[in-house]
Amino acid sequence: FVRFSPEADAHWEEEKREMNLTSDIENDFYFRYPSFQDVHVMIFVGFGFLMTFLKRYGFGAVGFNFLLAAFGIQWALLMQGWFHSFKSGKILVGVENLINADFCVGSVCIAFGAILGKTSPIQLLVMTLFQVTLFAVNEYILLNLLHVKDAGGSMTIHTFGAYFGLTVTRILYRPNLEQSKDKQGSVYHSDLFAMIGTLYLWMYWPSFNSAISEHGDAQHRAAINTYCSLAACVLTTVAFSSMLQKKGKLDMVHIQNATLAGGVAVGTSAEMMLTPYGSLIVGFICGIVSTVGYVYLTPFLESRLHIQDTCGIHNLHAMPGLIGGIVGAITAAAATEDVYGKEGFIKAFDFTGTYQTRTPSVQGGFQAAGIVVSLLMAFAGGALVG
Amino acid sequence: FVRFSPEADAHWEEEKREMNLTSDIENDFYFRYPSFQDVHVMIFVGFGFLMTFLKRYGFGAVGFNFLLAAFGIQWALLMQGWFHSFKSGKILVGVENLINADFCVGSVCIAFGAILGKTSPIQLLVMTLFQVTLFAVNEYILLNLLHVKDAGGSMTIHTFGAYFGLTVTRILYRPNLEQSKDKQGSVYHSDLFAMIGTLYLWMYWPSFNSAISEHGDAQHRAAINTYCSLAACVLTTVAFSSMLQKKGKLDMVHIQNATLAGGVAVGTSAEMMLTPYGSLIVGFICGIVSTVGYVYLTPFLESRLHIQDTCGIHNLHAMPGLIGGIVGAITAAAATEDVYGKEGFIKAFDFTGTYQTRTPSVQGGFQAAGIVVSLLMAFAGGALVG
Amino acid sequence: FVRFSPEADAHWEEEKREMNLTSDIENDFYFRYPSFQDVHVMIFVGFGFLMTFLKRYGFGAVGFNFLLAAFGIQWALLMQGWFHSFKSGKILVGVENLINADFCVGSVCIAFGAILGKTSPIQLLVMTLFQVTLFAVNEYILLNLLHVKDAGGSMTIHTFGAYFGLTVTRILYRPNLEQSKDKQGSVYHSDLFAMIGTLYLWMYWPSFNSAISEHGDAQHRAAINTYCSLAACVLTTVAFSSMLQKKGKLDMVHIQNATLAGGVAVGTSAEMMLTPYGSLIVGFICGIVSTVGYVYLTPFLESRLHIQDTCGIHNLHAMPGLIGGIVGAITAAAATEDVYGKEGFIKAFDFTGTYQTRTPSVQGGFQAAGIVVSLLMAFAGGALVG
């Protein structure tokens, strides 16, 4: 089924002439490849090492993450290809497809964080197979049918992936898991390995949120907004982690995870005119929500709702993902031609063709609908697969 | 001897006017620098940490790899410069030279994998000195005299480097090495460090194979083909590793090494119209060959042929490199103007000047000759240096 | 206060038309983002892990480095913004500001290296607050008032940061620190973690020195010069480390640190026509100076001058930074129109407007003045903050 996109095909010289391009540098490869490599590192090193904090599960976490991601990207290339780049009977693959496949697998890695240590490799592959399929369907509904903006995937990747994983772990509930609690602890060196994961996710998140934005200003803006949000999030995480612990000691789990919530929460709105100021506020709030979640919500989820969330993805992806969806809806609804400029406004929200008459407030409504659809897909899919 | 290439020289403004370029972004720096950095990481972190799996040799592996690579790139800049970018008495250095120097050193790192733990730093430097020189000669014969395509270096880097290293280790055979076998084992944390090496090699391999391809579609295509081949290789490695072990347990050595064979094996053909489908097949086969090699061939080589291959480079570089050369020869021989387009065909194989009349099947023959030359150079050179 | 720069703003389409740009690729994002990400990795992973060599302080080093850097970049965006990109009441932020903020924080990370293990997180944040402010003032004096060239920050980042940190640690002198000497040792795995830091700093240093150079040839040249200097530095470090130790054993501290001195020392001159040959000489000298410093100078500083320099930043940043400043002054003073070309000469030193008549030798004098100003600011600021 799969062929090269015109920009990767040997016919590029003719394509270039047809499109009236004068230079090879106009090839999408040069716009997106550096971001792609950063995203690639986030999926394989970032998510892999983030989960090495468990004392006896470091190699398993990295290895299984490697396995499911390598499987997932192949399946995602096909599934997303059918929905998004299917032309005259062929799927046309370019660098943007590779990024999207990595994104799709990212949502599987998130879900993996909830069930870490509970499943066999075969079960993981089955979960990957179904989750990737559902991801592609959900993404198609959001981006194509609802015409929603979600470049950094607050809704499609984080909200969907996290609630999918939480539903699966709820169904796989094992009461006797408590007894092997000693394995769930961490040791000194495993915490340093986990910091490798944390830092790579943190550093490359601006690339994640800007990887598939429009060429030019949108990519530029997405990187700046994410950078600001993440920086603010680190400070509130440390402050609240210190406040909520006895003697003001820092909890390594918070540093390893909650510091990333700021990147999740600007996933939808990063390419919009959120401004650095707005990003700082979003990061500030998410650092608090996520840290408080680790301290109070995770124990509650486990004891009352029987949701064993090994890596705490509810605090890192689920809640910040929801916040990100809401921030995106608000930012879209508040957009004006004054702030964006006439052309910029149309370009930013792609208000062309059948969407020519859509207003910002209507767009905000559709963005909100996108959150609900993602949640429903996650619960239904998770229950089925679990 | 060394000066800046026109694109790195302060006369660039005049050069730009002469070449009729309108923008600084046309500078080769922007086409190649992101790939260069990825290749750089592969050489120093990738190869360095891949070899940390030995219990008591982690620091030595990383440190000596650092030393020989830093020495090798300087010597390679000179040697390759004399052969490839020597103009009016000066070697002109640009970003492409830096990538080529890293490539050359890559073949030394591969050879180092075979003799790891057997040699002193001084011996390593001597080996580097000779291997870099021979590499440059071999590369000159292949690329300039035979007019062979080998952008990802299946032949020049992997086949040459691996058989060179294997010949050296054969000559340095030490029967009593068996006795210190306990040091050759691995421990938990050293395996996690080795996974850092594996993952960086795996993730950045698309940059490796596309780094010195032609601007535009060829770089784009090389990245996609490599990505697909590597993903397929991970799955077959895991499947066969699990099948060949007792109780279906995964062997960490396979995960750390055989998963990379897919990148080696598309080194020559990645920039051609191999298509994602073809890449998946190549990766699929290489995962099997490499894993089976670790299980059956490495013990055989050591006990019968007295080749002590510490890191198993025969399975990771030698065999996949040969496969890569053969796949390249076949892909080149099968090329048609229909698939490549008239202009794309000429551009892909550089059928200009004296090579204007060369046909695909002749090109395929020369590609095959390139494999033979690389093997001969490796055996002769390895025997001499050993 | 903060708004997007025109290249990150949604008005970019109009901006593009006004500037007569035909393509989105002309957006500064594509010139600088790959370098930015490399610099980002250096600050958070490079400096963070470089300091993990202490036996019981690995997590603290990475964690506190993360905290102070995340805080520092926010404050630096504001402080540098007021001095450098303040237009009609607003700070305009683009990707270059993000790089500059990372640079500024780099000097804080350097100073942190001197006081590692002596201060509380709150004290670190206070130091960051003041140091970032002083950095911005010093940078303004050098770049804007003295019109000095310092793209890689030998003076503004390394000399200033290192002597600032050394002054602070002198004032915080604690004689009883000797007693806990056992904690200051290193263990096997912590040395491997430190090598992660070393290698990322080493590999990405060409990006560091070229990140904010002029588009085109200057960025290209800065990367090549730094690459050569670093490679030479590794060899002399290893050679001298081996010569100065008993039995020729290598000292891990030297490998981890002195190998980087070559990057520091071409910080000012990398974008000039230093030539690869000149870079090799600078790297050669710095490897010697830095290694000798670790062996003889650090013990002397501690016992006589009561300067407890935990990470040895005097050898890695202070002395090579001074050398870098001097090399920059000499290279600038020796510049001729013959070597640079007429246009290249003006572009390289920005001899336009009020600086139209400045000669190379005068520029060399101002460069030297920049070193003195940086030193004075560092001593005064360090004494105050300490």
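Order of writing sets the labels: A, B and C. Residues in every chain begin at 1.
By definition in this document, contacts are C-beta pairs under 8 Å (C-beta built on N, C-alpha and C of every residue); 3 or more make two chains touch, one makes a residue touch a chain.
As the structure is a prediction and not an experimental result, all values here were calculated from the model.
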item	value
Shared interface partners, meaning chains that touch chain A and chain B	C
Type of chain B:chain C copy interface by residue overlap (half), same or different	different
Rounded Å distance, chain B centre to chain C centre (Cα mean)	33
Multi-partner residues of chain B (each touching 2 or more other chains)	23, 25, 30, 34, 189, 196
Chain B partner contacts - residues on chain C that touch it in the complex	23, 25-26, 30-31, 34-35, 38, 188-189, 191-192, 195-196, 199-200, 202-204, 206-207, 215-217, 219-221, 223-224, 227-228, 230-232, 234-235, 238, 242, 250, 252, 255, 259, 273, 275-277, 280, 339-341, 343-345, 347-348
Residues of chain B touching chain C in the complex	2-4, 7-14, 16, 23-25, 27-30, 33-34, 37, 40-41, 44-45, 48, 52, 58-59, 62-63, 66-67, 70-71, 73-74, 77, 93-95, 98, 121, 189, 193, 196
